[in-house]
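Each of the next two complexes has subunit A plus one more chain, namely subunit B in the first and subunit C in the second.
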Partner chain A sequence: METFEPVIVAFCCHYCAYTAADMAGTMRLDYPANVKIVRVPCSGKVDPIHMMKALELGADGVLVAGCLEGDCHFKTGNVKAARRVTYVQTQLEEIGVEPQRLAMVTMSAGMGTRFAAIANEFTEQIRKLGPNPVAAARKAQAAPAPVAQVN
Partner chain B sequence: MITAERKPLAEIIDYIDNCRRILLVGCNECVTVCAAGGRKEVAMLASAMQMDFMKRGKTVDIREMTLERQCEPEYVEELAPFIDQADAVVSMACGCGVQEVVRRFRGKRVYPAVNTSFMGAAERPGVWAERCHGCGNCLLGLTGGICPIARCSKRLMNGPCGGSSKGKCEVSTEIDCVWQLIWDRLKELGIEDRYEEIILAKDWRTERGGGPRKIVREDLAQ
Partner chain C sequence: MTDHTNDAQTTVLVIGGGVGGIKAAMDLSEAQKDVLLVDKAAAIGGLMTQLDRTFPTNNCDLCTISPHLSAGARQQHIDLMPLTQVTAVTGEAGDFTVTLTSTPRYIDLEKCTACGECHKKYPECVRFYPGLDHRAPTCMRYPQATPQAFSIDMAACKDVNGLVNVCPANAIVVDDQEKVATRRVSSIILAVGADLFDPDKLDHFGHGRYPNVVTGLEYERIMSASGPTLGELVRPSDGVPPKRVAWIQCAGSRGINREDVSYCSSVCCMYALKEAIVTKERFQDDIETTIFYMDMRTFGKDYEGYYQRAKDQYGVRMVRCRPHSIVPDSTGQQLHIAYATDENSGMTTELFDMVVLSTGFRPSSHTTRLAEILGVELNAHQFVRGGNFEPVVTSRPGIYVCGVIEGPKDIPETMVQASAAACMAARHTGHAGSAAEVESEYPPERDVIGETPRIGVFVCDCGQNIGGAMDVDAVVQEAAKYPHVVHVEMAGHGCGQEALDRMRQMIQEKNLNRVVVGACSPRTHEGLFQENLRKAGLNKYLLDIANIRDQNAWVHGGARELATAKAKKLIRMAVGGVAQAGPLREHRLPINKDVLVIGGGVSGMSSALALGDQGYKVVLAERTGRLGGLAAIIRRNLEGDDVRAYVAQLVEKVQAHDQIEVITNAIVVDHSGMPGKFQTGFQIGPRMYYRQIEHGATVMATGALAHRPDQYLLGRHKAVMTQLDLDDLLETQPEQVSNWECMVMVQCVGSRTADNPNCSRICCQSAIKNALRLTDLNPDMRVFILYRDMRTYGFSEDAYIEARRRGVIFVRYQADIPPRVTADGDRVTVHFHDPILGRDMEVTADCLGLSTGLLADDETTEDLAAIFHLNRTEDGHFLEDHVKLKPLDMSVPGFFVAGTAHSPRTIRESIAQAQGVAGRIQGLLAQDVINLGAVVARVDRDKCATCLVCVRACPYHVPFINEDRYSEIDPAKCHGCGICAAECPAKAIQLSCFEDAPIMAKLEGLLERIA
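And now, the complex of A and B:
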């Protein structure tokens, strides 16, 4: 059976998680290629619709990565992001999509090791959950009709 | 502003489950301010509906639109070019907006996506509280600018009931006793003697007692 390789979108704050990801690279730490990074000026810039759209358009998991509590460059962007993540999780629950597919994490710019660890853990968590049911349905719809079988 | 809250997704989906083309319409006024039915909420609901349908192997075509004011015919008219391409309209405006769309497009099914709640003000970001009941005969001039109709659980007009305790209402400790607020305000203004004045029994015909209400300004009416 084909191994399921999840697609994970990570919205990373420029001031912490994005730099931490960079540091993970500099430190030659391995983390799965499944994690696709989108750099944002602050985790507070990530709107609920960005999280929803990522999942709607095929991501299997979404990470919002911001600064440690109290360390936000814009004071409270990370706190707002955490609340929005909780809100979107309730919306996902309503439509029967596992809320665990979305998570908020925090780290400082120097935590390259933590970034790599989180990327590994979250990828494993999503791998266990399996493909996003919406993405699977989308793929099935897009697939060409099966060729008629001869008896 | 008129406040509203989005309905549970299951209820909305139940209305439109047999439809394949949906016109999802928000409003740029009150429901935008109370984060229930503005452009952002329209996008969120469209995404949630899309995901719900896809998950069940169904396809749905959702057109998102947000009108300047859904309670005015001039703006509702903007839906006309798109209305025939939709099996149903889902409105995220207050009840007034929903009914204005119904009035203009008689042959179209129109469903509400929000529960219209009350006329209120923002206490702080994300928290809205009832402030006006629309009784049609404003008492604020007598009560220090604080409304006992909208904010007293019993709509009492001459002081608190026995359930007032430590400035809170017996219904919930989260509700201020409005007559405590009124008394404090009258004292601040140095007009506590106003409290002694008896407010006569209210004429509720200006509220709903006289049936559905209408305002006609002869100089403006066409």
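And now, the complex of A and C:
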């Protein structure tokens, strides 16, 4: 069996994490291509629906990445995001999805190395967890029919 | 470079591209003034960009300054000339002619993409800069350098042809020449900063000989993510993480030995604390940090708390002494520090892994030459002399100064002076074109609402940057299959002029109504591509950028297939997102250009005058019946100027000014509106009638209170007085004072205590000022100053030295064993412990002077904060928007703060803030309309359940429930974070630009194959 390549969505705040990801590129740090970034103005903008939808659509892991505590560009967005992530994790647990598939991380814009390290660690963690059970179930369901049209 | 001798004289020359120069240039450009920014280095940014983090927030610096820098590069009013020096100046204020000499860069700035190929193959040819040693991963000073381009040292290059061929952008210019240009400018701002002291000259500390002895800046570089060790803290000698790190303060400063300077560099205490705290934060119990210091000078706003946290929370060990020497151990890896303290007799020796020397500022030799060229006076320490009451004015009219070259200071103080210099320099310029005129050159926007998306995808190869890491052809072919995509092409260097022209042509030809660019980061290039769409007649929000360079090609350089696949996905996501995007209107308002200044002290009056002189109408509202504030009762400053006379002429000027209306006995009672359109209501005495004032910007200059705590018999014994009382007595009754035999002063009375934790900043200077005047009157008088730390920062250290020279006795006391005072007839007896003699002392004095400092006017600021929705610090001072970068702006747009309402400070420092505020306001009010951007939250009234979640969630208290009983968000006040949108349970709130639909579409785009 070939190695499982998870799909990971990273919601990154424009002011810190997204900049840190750019910085990782500038520093030519290698991290897994599994991580795909969605830019948001603040980690506090990331709605539970976005996290759940990503998992529902088949993402194997979701990262919410904001500024360091106390450094949020919008004062408290990262704190609110962290609280929401914790909440969604309990919901995931209830419906039988591993809560570890969702994580909140923080970094400053200068922490390119930290971004790359987190991307590596999280990808490994998700790889160990295996494919998202929701996606597997959907795949099984959808198997007879042609691929669902999304647009 | 072309010769611009025909320029109209509307340009301000800014010399030096550090934070101060950049801030001055940005402020001027915001005020629609043209700026010529020259720097002798290859990239702007100065010292700050080399720091790892800045106090007191411990933020990473790059995150805070890089938006300023790239914005600086984008500003249409700023002409940036790196590698350039001023070599001659003629003319006078309003019409200077300057000669500028530029060193060859050997790189065409227009072509260089900063791909780094030259540095990879020929590192020896690429120039290096101070503070970044040879192990650094990049030789741009930091990854976001502006201009984003390399610089070649042709002399060091052996294989010139090889170098030329390795550059994929053909940017190497082998025969580049030194260029000389002359320009006419109306005024000049000098912002060249200073060097850091080179401690190699101090043989007892062994810097330069012992690898584990580093300077503060070198330590920052080691800790920095963009530094030589990528942020790993390791001992330079052997790469082993250190267990014990020591800082030695005042290395080269506050000294009398060879190579020392006498003044205090003002910033080293804070940076040493910061470095120690950051070290502790990263390694906790695994590392010991010790700071050897003489006086801990944490005199800035809330800095005292930072110092206390360093000690109590982080366990940074503080040892008060000046170490004698550093000697390596036999292995050469560790270092012995020998020192003696007050408490223990004899020498103590301790072993450390690394020693950081806290070196301070030195004016560079280059500055002395520049001062000669400009004809501006220097002070005894070779810094540029500013006026005592005009801090940014030099000896030559039309030339202004800001930042460290005016005297040692930290970043916020530099920013304040930069804004002040921008305000003063702008007086000499004529009116430049306004932003509105540029806007009208664009064609009208095409209405795309209701059209099916027709998306054009342009994929950059960015030379080899993207093209080298992936198969761009395959990406282009794949993109053609995505829904709604009607045109795809390779764009080469998409940001180049040619490619931008081509993109506009394609938008027209193919009737595109949405655009995706596969390019570098939207952080740097979104503005450019948005403007291009706008030029092509499309709304600028119909764009999405897929970051396939910084977040893809540069990351997966070695894995072509992975990078290609990921680029396809990133573009697929952007296509999905942009299909859902709609045109957005930026919110604009006409601006009311009047200014309301609250507080009629020196700060308020200085702001009003600076603004009135620029032609703005100012209403100056004072709560009491008279102008002048606290300064009106001060007699002398440390420099010996007559403060009362200065305040009197300030009052006279304000009252005579055509543009300034003064209202006294005025109490603020209500307030509404938005920047550019405020209404503030006053009750005006004595009859307390109501008046509403309309204004575009507001200055908070409400001052502070002179503290009079009930301590040390103050108010109960006539021999006990405050420094302010003494200041007055020295002028009114010098005969009486000269008969005194003995004077005792106690510092930090009512400051740095549990009730008022901050340092009042001014008291050490006041005490020294009065001690010098006392000894002037009676050289035989015995003067004792009982202190905790003498905080005579900057050049006021000279006065401290003079006081000691005259025999003033300084005795340190500890906060937990304060001096005691008892009445003794007309005199008082002061009891204290002398730590050097190790015994209790008693002194009977004719007068006890208490340094009581300043106290925030808590009641006033509380009321005003409630009316204006402003933020305050814990001790009741007004809080600025950003401690470092926006020290004058408040978090509510359109509000600015100056003077002691911000924090305790001297008159001179207050004036700098007041003029700085005028500089900031001149930028705000230069626009005829205010652009509030398009990223704002909007409420769908039909979905709103009036649940108040948004009202509670908003960090800025913007949403409110309106009369129609649904939540309303004022676009003028919305900061665009989207927190309310995420919290809203009914999904009634959407954040423009980041609505749920495009985010979902991106997710669907990414995950479509899986579902």
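Details
Going forward, the second predicted complex is superposed on the first by the 143 of 151 C-alpha atoms of A that agree within 3 Å, B and C clash if a C-alpha of one lies under 4 Å from a C-alpha of the other, contacts with A are read in each partner's own complex, and residues count from 1 in each chain.
Assume a residue touches a chain if its C-beta (ideal position, glycine included) is under 8 Å from a C-beta of that chain, and two chains touch if they have at least 3 such contacts.
Only a predicted model underlies this, so the values are computations on that prediction, with no experimental measurement involved.
By the document's definition of touching, of the two partners only subunit B reaches A:Glu94; subunit C does not.
Judged by the touch definition given at the top, the superposed model places A:Tyr15 against subunit C, while subunit B stays out of reach.
Once chain A of one complex is fitted onto chain A of the other, the partner contacts of A:Met23 are limited to subunit C, with no touch recorded for subunit B. Of the two partner chains, subunit C is the only one touched by A:Met111; subunit B is not.
Once the two complexes are overlaid on the shared chain, A:Ala59 sits against subunit C while remaining clear of subunit B. Shared-chain residue A:Gly70: touches subunit C; no touch with subunit B. Once chain A of one complex is fitted onto chain A of the other, the partner contacts of A:Ala137 are limited to subunit B, with no touch recorded for subunit C. After overlaying the two complexes on the shared chain, residue contacts for A:Ile49 are found with subunit B and with subunit C alike. For subunit A, the partner that touches more of its residues is C, with subunit B and subunit C as the two candidates. Contacts of subunit A with subunit B, set against its contacts with subunit C after fitting on chain A, overlap at residues 47-49, 53, 138. Here subunit C touches subunit A in the complex through residues 57, 59-63, 66, 137-138, 143-144, 224-226, 230-231, 483-484, 521-523, 547, 549-559, 562-563, 565-566, 569-570, 573, 576, 579, 935, 953, 955-956, 975-979, 981-983, 987, 991, 993-994, 996, 999-1011, going by the rule given at the top. By the touch rule above, subunit B contacts subunit A in their complex via residues 8-10, 40, 43-44, 47-48, 50-52, 54-57, 59. Those residues of subunit A lying in contact with subunit C across their complex are 7, 9, 14-16, 18-19, 21-31, 33, 36-42, 44-50, 53-54, 57-59, 70-71, 73-77, 80, 84, 108-114, 116, 135, 138-139, 142, 147-148, 150-151.
Of all residues in subunit A, only 47-49, 52-53, 55-56, 91, 94-97, 133-134, 137-138, 140-141 touch subunit B in the complex they form.
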